[in-house]
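Following this line, the structures themselves.
Both complexes shown next keep subunit A, but they swap its partner, so subunit B is in the first and subunit C is in the second.
Coming up: the complex of A and B.
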């Protein structure tokens, strides 16, 4: 029924969250569950790959807002990558580029985590 | 452009003229090709500075009346860019700062402090839109006619491009505002739709919070909602908490407000409280124009101030959530009501199953009974049990409370009686045992008023015990009356109490014995007046010559007349025996 999917991969101790489909008020709780479980296992280096994300609404963005602080407090980060122009436009309209590290490519985001180490 | 070249035509400087024209042409081509203001200003300043050997250059545009913003600088600190200066009216001519009266243009000192010596207004369509300043090395009093002409030309060319650039910039801003508005409306639409499908309050609250956090870029908040008539904090994320009860102010807030605008007498204490915990805006959540909750938000993560549009958006979103929360409440109420009705149906079934469907025949006696259960289903009980050919038990009871719990206690009373009666003990001993068993099997606060007796049809005696029940009425054929009151304490209150006293009466031909529950005597009319024991007794006396069934029906009819237009609040049970 849900046209939204979340997948998790691990690469050099960095967790890559793949988003697919529509992240909106209906599906936001699914992403929340994923962040909750990552944080419970103390995984604080997170890259969210948005290459297959078709749409994001403010409820979806709200999930990032809810967890970014905890993650950064633990010296990690949530970086976003591979956004389509349409999705980026929503982030941009709501002023997210100021608050989040958004890279064009997943590898760049991973590299930033590795450089920091 | 040909007009310009005609005027500046001294033969001695033909080469110079050509160079000037080339420079103008080049400038024109480059700036006209661009819509980017930054690039245009850059090129403009560099061209001007190159031509007049200036080490400094500055461009300002008027953003509001007399307020000018520094758009670009050369040879000056780049920190100046985007600063706003309040200047006065700018004269429409070339200004040599040294030669001007500072009293007339006090703002010239800003430029003087930077070492700028010449200011030239920038105008489009005869309106001054900005000013350009520079510091030509060789000119501090005036420009030659030729130089003035060059300046005019380059400014004309620049003005057109700048106007175009400004227009594009404006278009960009408007477009973005429009995009943002569309995005806001999309959010309202989408969240509103989702709100309507969510049926759990907690999930809806979470959705509201997520949407607000994402849309506004904030992650400090608290949310108050009315719960069972009280305003309570139902979700929060704050750095500090203040113990003072803030919720009582909420109903007075009718419009979304910045905390810094909470200035009237009622709001002042609230403002201090909110500021202490870092709240910047308060949004009342309304239902039918009444404030039933509050959304309070902290500072935006990007430190921006809240705008009027933000408040509008938050108010719309909040009120949408309120409507859906109310729908959830109504939905849950409906489910609860259905559940209670189902439960009552079960209770009614239990009760019906416990009451005797047919009464045993008692020789030489006429007996009639009725139970009319109320909507709520009370715990009335009656029974007639044959012990031997001439011994019959008659019983009536009323379990406290209503619904299933009362029905179940009644079931346990019936089982206890039916199990104990065959033991052949005295009625007072039996009553004590029933009481002890009921005490063991009830939770506190439940009890049973109970009357029972054993009729011996040979000796025409009735032995009875009344455990706190409405005393049955015995009316003799001459109209005299006895109340059967002997007995003891109500069943289910205390174990091992002082023994129940047994009453014994003789029954005579044509005596009428009426057992009833308080649903009869306490039946209310529409003025809240009870049917009353007196009325019941006189009714029995009046009808004493009739059959048991007729006596019973006259009582039922009379109650129905008394309680017309009211809903029956308790079970009505009658057991009538005519000797």
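Coming up: the complex of A and C.
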């Protein structure tokens, strides 16, 4: 059984991806499928809620890295919210707060998309 | 000196077992939670690289994860018999360029070096490949 779950919600035309559990090389393909599906349907405003994400390795980071340029070329963004300090530390170590918009709360990320419209 | 080891098949589904094994050993050694997380992530990255690049996802190969401790040092040695890792893969990416042109891959080895005090690649006399990851007890919290 996979120790990772991914769900999608929609709020004001913004897609919220909920991550739960452990995102590593074994589970990253599940997230990959979700991003592929969002982009195929031209959904480019994406918030990734990490409140229940316990762990991320470079395989998980690689999924965001693979899609961020495409999403931004289409005037969208991948914003990340509700990270635990443990998960944030991995992003921080690599300097990713410069690359990604990371908010403490999902509502802040949604507001940023709405303010831009 | 004390050594404990775990043998796994070269499958990504085994990464969680590796993380549990290394985390338990690092906690018992006396590292704080933050350092335990760093060591566990570094070992995950090393095993992922071996499964992906050295064994090219062949699912029935062996990896041995050894934890060797003395008073001051915590060393994880991962032994495999796959392909030698390409030196290009061992080179850390230029992070400035990486942040301007995001792409997948290359982050694992960079992370390992940031998380551990020393990372080395060795070949044994009987032609086995080893990845050595070292953390000093005094470096706790760094």
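Brief remarks on what is shown
The rule is simple: the second predicted complex is superposed on the first by the 117 of 117 C-alpha atoms of A that agree within 3 Å, B and C clash if a C-alpha of one lies under 4 Å from a C-alpha of the other, contacts with A are read in each partner's own complex, and residues count from 1 in each chain.
One rule holds in what follows: a residue touches a chain if its C-beta (ideal position, glycine included) is under 8 Å from a C-beta of that chain, and two chains touch if they have at least 3 such contacts.
Values in this document were obtained by computation on a predicted structure and should not be read as measured data.
With both structures placed on the common chain, the touch criterion links A:58 to subunit B and to subunit C. Legend: residue contacts after superposition of the two complexes on their common chain; A:24 is shown touching both subunit B and subunit C.
Using the contact criterion defined above for the overlaid structures, shared-chain residue A:95 touches subunit B and also reaches subunit C. In the superposed pair of complexes, A:86 makes contact with subunit C only, with no contact to subunit B. In the superposed model, A:7 makes contact with neither subunit B nor subunit C.
When the shared chain is aligned, subunit B and subunit C each come close enough to touch A:66. Touching of subunit A by both subunit B and subunit C, each in its own complex, is seen for residues 24-26, 57-59, 61-63, 65-66, 68-69, 89-90, 93-96, 98-99. Every residue of subunit C that touches subunit A in the complex is listed here, in rising order: 11-13, 15-16, 19, 34, 37, 41, 44-45, 48, 51-52, 95, 99, 101-105, 107-108, 110-111, 114-115.
Residues of subunit A that touch subunit B in their complex: 24-26, 28-29, 32, 57-66, 68-69, 89-90, 93-96, 98-99.
Residue ranges of subunit A in contact with subunit C, taken from their complex: 3, 22, 24-26, 55, 57-59, 61-63, 65-66, 68-69, 86, 89-90, 93-96, 98-99. Per the touch definition, subunit B reaches subunit A in the complex via residues 176, 179-180, 183, 186-187, 190-191, 193-195, 197, 203, 206-207, 209-215, 217-219, 301-302, 304.
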